[in-house]
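Shared chain: subunit A. Partners: subunit B in the first complex, subunit C in the second.
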Partner chain A sequence: MSDLPKPEESLSKLDHEPPRTGWMDAPVDIRKGMYCYSANPKSLNYTGFPHAREWNPIEDDWKLPENWQEILHRGFRERLDRFRSVKVFMDICVRCGACADKCHFFIGTGDPKNMPVLRAELLRSVYRNDFTLMGKILGKLNGGRPMTENVLKEWWYYLFQCSECRRCSVFCPYGIDTAEITIFGRELLNLLGLNIDWIATPVANCYRTGNHLGIQPHAFKDMLDFFVEDIEEVVGVKVEPEYNKKGADILFITPSGDVFADPGTYTAMGYMLLFHYLKERYGFDITWSTYASEGGNFGFFTSHETMKRLNSKMYAEAKRLGVKWILGGECGHMWRVIHQYMDTMNGPTDFMETPVNPITGTVFENAKSTKMVHIMEFLADLIKHDKLELNPRRNDHLKVTFHDSCNPARGMGLLDEPRYVINNVCNNFYEMPANTIREQTFCCGSGSGLNAGEDMELRLMGSLPRANAVKYVHEKHGVNMLSCVCAIDRAALPTMTEYWTPEVDVTGVCELVANALVIPGEHDRPTDLRGEDLPGWAEPEREETDAE
Partner chain B sequence: MPEVEFQGKTFKVDEDGFIDDYNNWSQEWVQFVKKEEGIEELTDEHNKVIDVLREYYEKNGIAPMVRVLSKVTGFKLKHIYELFPSGPGKGACKMAGLPKPTGCV
Partner chain C sequence: MRLEGLLEKHKRVIVNKWFDAVVHTYPADTARFLKSQKDPFANPVGRTTFKGLDGAYDQLCGEMETEMLAASLDPIIRIRAIQDFTPTQAAGFVFLLKNIIRETVGDQLREKEGLEELMALDARVDTVGLLAFDIFMRCREKVYQLKANETRNRVFSAFHRAGLVADTPEDGPETNKTIE
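On to the complex of A and B.
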């Protein structure tokens, strides 16, 4: 971040005045800090993507295949036939502009091509020209334009400046899902080998090892063992996670970021403590998998086929182990894939049961088709039935707010459960303004595979609306902790707060839960899971019976 | 892929200056990154970090999480930043010849 201007300077440069020239006549200017590196050909080859090659977005020659226009045209045609939604979304937009100022990237960059309507228009213009009668006859008069190399570059630049968060879709009177347009556009770009590396390499890793980071089974266990040791130090109990256990009741799947990157690692410790507690108290039987070791699915940012391929391991592993259902961790886009695609993509499953909480008897009817329950639903149910001994006072040094992660909020309607959980484990909870939370939540600015290092200006400016709301509750209520239920959030939001609101730290919700959870056999816990002293936490008086 | 030449050796690097292949690592590479990072003198502490990273990578095929690196070397994160101004990933891992981690990190 060292070469970025100070926040005040970034703000003063921000300009929403539209340019005087028409958008079709404004050529694309691919600018450093706003784009991600091109895909490593090795990674594309690994998953069998076509036209893998070295190319550089800021060079003129993108080394496109000779017949690239034909490939793209055919790809467009096939998808119009295959996805009714795409055809409808191409046709029905009336360009009312309701979405225009709803995008965090438009708010943060002021670039008109980041207005969702215009970003989609980049594709629609080619659609009109190539696939509609009026467009063929009237051309530019009807808003059509032919596909050229400059148009392609513009697609690439702006389709990787959309995080598929779908905030704009909430405001569209026609219900156009603009994320689907980006998904569609990126799928076309992948036909020409035009992916970004921050997506392509995790996809290849995931295909090879089961997770985005490329963690092999022995290393996965090694990482969890490390948490076992840390938990023993901080809490004084030895947790014993199960791995690949055949016949376990439940399979647990969470993003690999949780076992690798801070502060997600403390969320992972939170899961482990929760499962230990439930095992001790109620004989809860859950297993981790070193194969289905990724909740996230960067294939979703690539193509439908890749998404399906990477997602398939979840059911495959559930079948192999013979579990009854799957519990999913704190991940964002994982839940859109599960909620909106998984059942028809890799299901339906006939080898699992409608999930039942073995401790409360609650039947998760909502998960009847996918057999996957969100850990927040599971926790809310446990708390509602008074199955957890909680001491929220242990989180008293925190003033917490909650960032609705885009996909759980808008992609599956998970809005109240996290709040119910947080309110039961924390005494100080403050909501950000209403138009920045729940269905209207603002993206972290780094979703859909854009959380690389080289596009930092894009990420930070895209996070401005979210950061602004965080700043508001920080100044009004003294909020010092931003909680979330997504691994990209946990990776991206600390960078955001460091830049815009350095007084605020970031946590997963399960970390807050584990800090409040009273574990059978625990020793005094004057620190939190991070090993930091709990301010104002009085050391309980010790009986000096064994003093010399 | 761009190439860099240093002390008579040629290295292929990615956009962020990470070496293309762990096996092409050498002492000259270490010296090159030292210069790039603006590290004045390589101490035993630098070498300890590099040794831990390489040993872990050889065993696991991935860089260790920062907390593991910190625990095994006994250096707090702040100290690792003092040793490698660009941090454990872009500084230390680069010098040790490891690839960049990608994903939700």
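On to the complex of A and C.
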């Protein structure tokens, strides 16, 4: 009980403002619930990261290599030379504060060091001190400070309290992308073996077996085969997905979260039903891969090289199978990597064709370099050309809103396609307030590898602005379903809603599509893909039973 | 003037002071933001806190209905229960109200009746404080439950999908069936 404050201390803490210490001098206080466990050394070794070791963030000794300052300084220098963006972002911020209150982690935690400007300043202060003449002469007067162990711990703590969502960058008059600063900072931390396990182990797994959980190809296929059985039970139709089919027209890649975690699994069943429908109606030829079994790319949260390595696996598989183009499922950062980085890392892709929708003839010019089309673009195109038989009444028990996932929304401008699709498969759609959607969407609070269990408080605080908007549409319109197009959202948002708005459930958009899709040869479908009764659909059957 | 009338007359001042005091349990830069940004979607902590305090004050001065009080306090405490506060700081903001009321209307109270009325009000504030603590505990329990559920679901799902979980047959134990 010795850590309890004395009664008089409790009351005085209640009455008074926290001490006003300059941010540079306030020592970092690493709090439980706010950080993720350190990386398993085995995982770091597997992908060749240096200084893999057991260490604990809340212990004083982080077992740093002896010359850690030199390693960091050299790493900083190399990246300033390599990435002009980093140099520019270090130099041009005028600290206007436009970004300060735009971060969901600042809004939720109330911790000023989560203001994007201040989070970046943690790095800029060292940059000024070590790499600018004025900083070297004026030191602290010029906002510079030397790299110490406390500063390093502060970097680690706050760089893993940023989900790289880029909301702050929307408001920066200079166009500084603070996510890039986090990416750069995390890359530096990796030089010292300071990653978190929720990122390092999925990266190693993905590199080895092709997906975050380390599921091997046969188990991946088994999982999809279970879905075939579930679909047959609900719809009365046996779908026959193709696996690793050489010469297929299209390769389908989606995050493995859709295959292994609820409610993403229903989204995966949605894809399977859609492909079955298209095959029956139009001879659509698409294959899953049990090797490129992960769209997600946690390398993106690690280093540019790791991101490139993981991204290349998808393209290697496309080449091996000889497909014409790749269709990508509902994923977040997979799309950010494809849209913003892939082309200069592993592209331009010269062994596939500019994607053409074989059913409508639409040429996806926007994807002519990456050869990868988002399933929402593909679906919107099919619906626009009236190629899907849909019965949106089957979703009438739902009042749906849409969470723009940060990466597809801000990272690639996918704003209208999901809405167009939802409005065609649902009759009750309600938008959240304007400053919480589209380009200004709030992060789920668990992006960029932060959706672990041990940092639950951080995740819940980060999700508060999103949850607050969900609560508003729930109270105003009775919204009971939050749709999204990202697997991390589907994994993280159910926990968020359970804490903040328990009346609202979470779904992928393709689940809504599949529930509305009229499948040739289907039997009566009194339930949705989750096996839950559809109000109004089961009743006639029950009446008949009663009459008997 | 009787305390009841004074509390009603000075409601705006008292609630604003209470809000100010709660907001200043946050760092100075944050407190400035929580006070100045009026958009509830840009500043959910500040606006939720204000709305909740306003509602709780009405109940404290009126019917003291537990459900209504909880509806006002829950959103504030739900936020503070996961922020960087001790339990005292997360739930104890209720008690700040005692001093604020004394500072604002204390000198306008008649000596004897005033003291009695203040004591009665203090008892009400204490009741609200205890309710706040119950809500705080409920929120913390929820956080632990969410952590446990995520872990359980992850492990259970993996076992289930690997075919390692044998579901209970609907038609009774295997031993009761005739082997064909």
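One rule holds for everything that comes next: the second predicted complex is superposed on the first by the 518 of 548 C-alpha atoms of A that agree within 3 Å, B and C clash if a C-alpha of one lies under 4 Å from a C-alpha of the other, contacts with A are read in each partner's own complex, and residues count from 1 in each chain.
The working rule: contacts are C-beta pairs under 8 Å (C-beta built on N, C-alpha and C of every residue); 3 or more make two chains touch, one makes a residue touch a chain.
Please read these numbers as outputs of a predicted model, since none were measured by experiment.
Trainee: Could you say whether A:Val239 touches subunit B, subunit C, both of them, or neither, answering first, second, both or neither?
Mentor: After superposition on chain A, A:Val239 lies in contact with neither partner.
Trainee: Under the stated touch criterion, which partner chain does A:Ala409 make contact with: subunit B (first), subunit C (second), both, or neither?
Mentor: So A:Ala409 meets neither subunit B nor subunit C here.
Trainee: Report for A:Arg31: first if it touches subunit B alone, second if subunit C alone, otherwise both or neither.
Mentor: In the superposition, A:Arg31 touches subunit C alone.
Trainee: Per the contact definition in the header, classify A:Ala219: touching subunit B only (first), subunit C only (second), both, or neither.
Mentor: both
Trainee: Just checking: does A:Ile488 make contact with subunit B only, subunit C only, both, or neither of them? Give me first, second, both or neither.
Mentor: In the superposed model, A:Ile488 contacts subunit B only, not subunit C.
Trainee: In the overlaid three-chain picture, which partner chain does A:Gly453 touch, first (subunit B) or second (subunit C), both, or neither?
Mentor: A:Gly453 contacts both subunit B and subunit C.
Trainee: Classify the contacts of A:Gly108 with the two partner chains as first (subunit B alone), second (subunit C alone), both, or neither.
Mentor: Touch status of A:Gly108: second partner only.
Trainee: With both complexes superposed on chain A, which partner does A:Pro465 reach: first (subunit B), second (subunit C), both or neither?
Mentor: second
Trainee: Could you say whether A:Thr201 touches subunit B, subunit C, both of them, or neither, answering first, second, both or neither?
Mentor: first
Trainee: Which positions of subunit A sit in both the subunit B and the subunit C interface?
Mentor: Common to the two interfaces on subunit A: residues 213, 219, 222-223, 226, 260-262, 453-454.
Trainee: For a test of understanding, state which residues of subunit B touch subunit A in their complex under the given definition.
Mentor: Interface residues on the subunit B side: 1, 14-16, 59-62, 65-68, 71, 90, 101-105.
Trainee: Hey, which residues of subunit C end up touching subunit A in the complex?
Mentor: Result: residues 21, 24-31, 33-34, 37, 39-45, 48, 78-79, 82-84, 86, 88-89, 92-93, 95-96, 99, 142-143, 146-147, 149-151, 153-154, 157-158, 161-162 of subunit C touch subunit A.
Trainee: Could you please specify the touching residues of subunit A with respect to subunit B in the complex?
Mentor: Within the complex, subunit A touches subunit B at residues 37, 40, 54, 197-198, 201-202, 205, 211-216, 218-219, 222-223, 226, 230, 255-257, 259-262, 264-265, 296, 298, 451-454, 487-488, 490-491.
Trainee: Please output the residues of subunit A touching subunit C within their complex, sorted ascending.
Mentor: 5, 10-11, 13-18, 20, 31, 33, 100-101, 106-112, 115, 213, 219, 222-223, 226, 260-262, 433, 435-436, 453-454, 456-457, 460-461, 464-465, 468-469, 472, 495, 498-500
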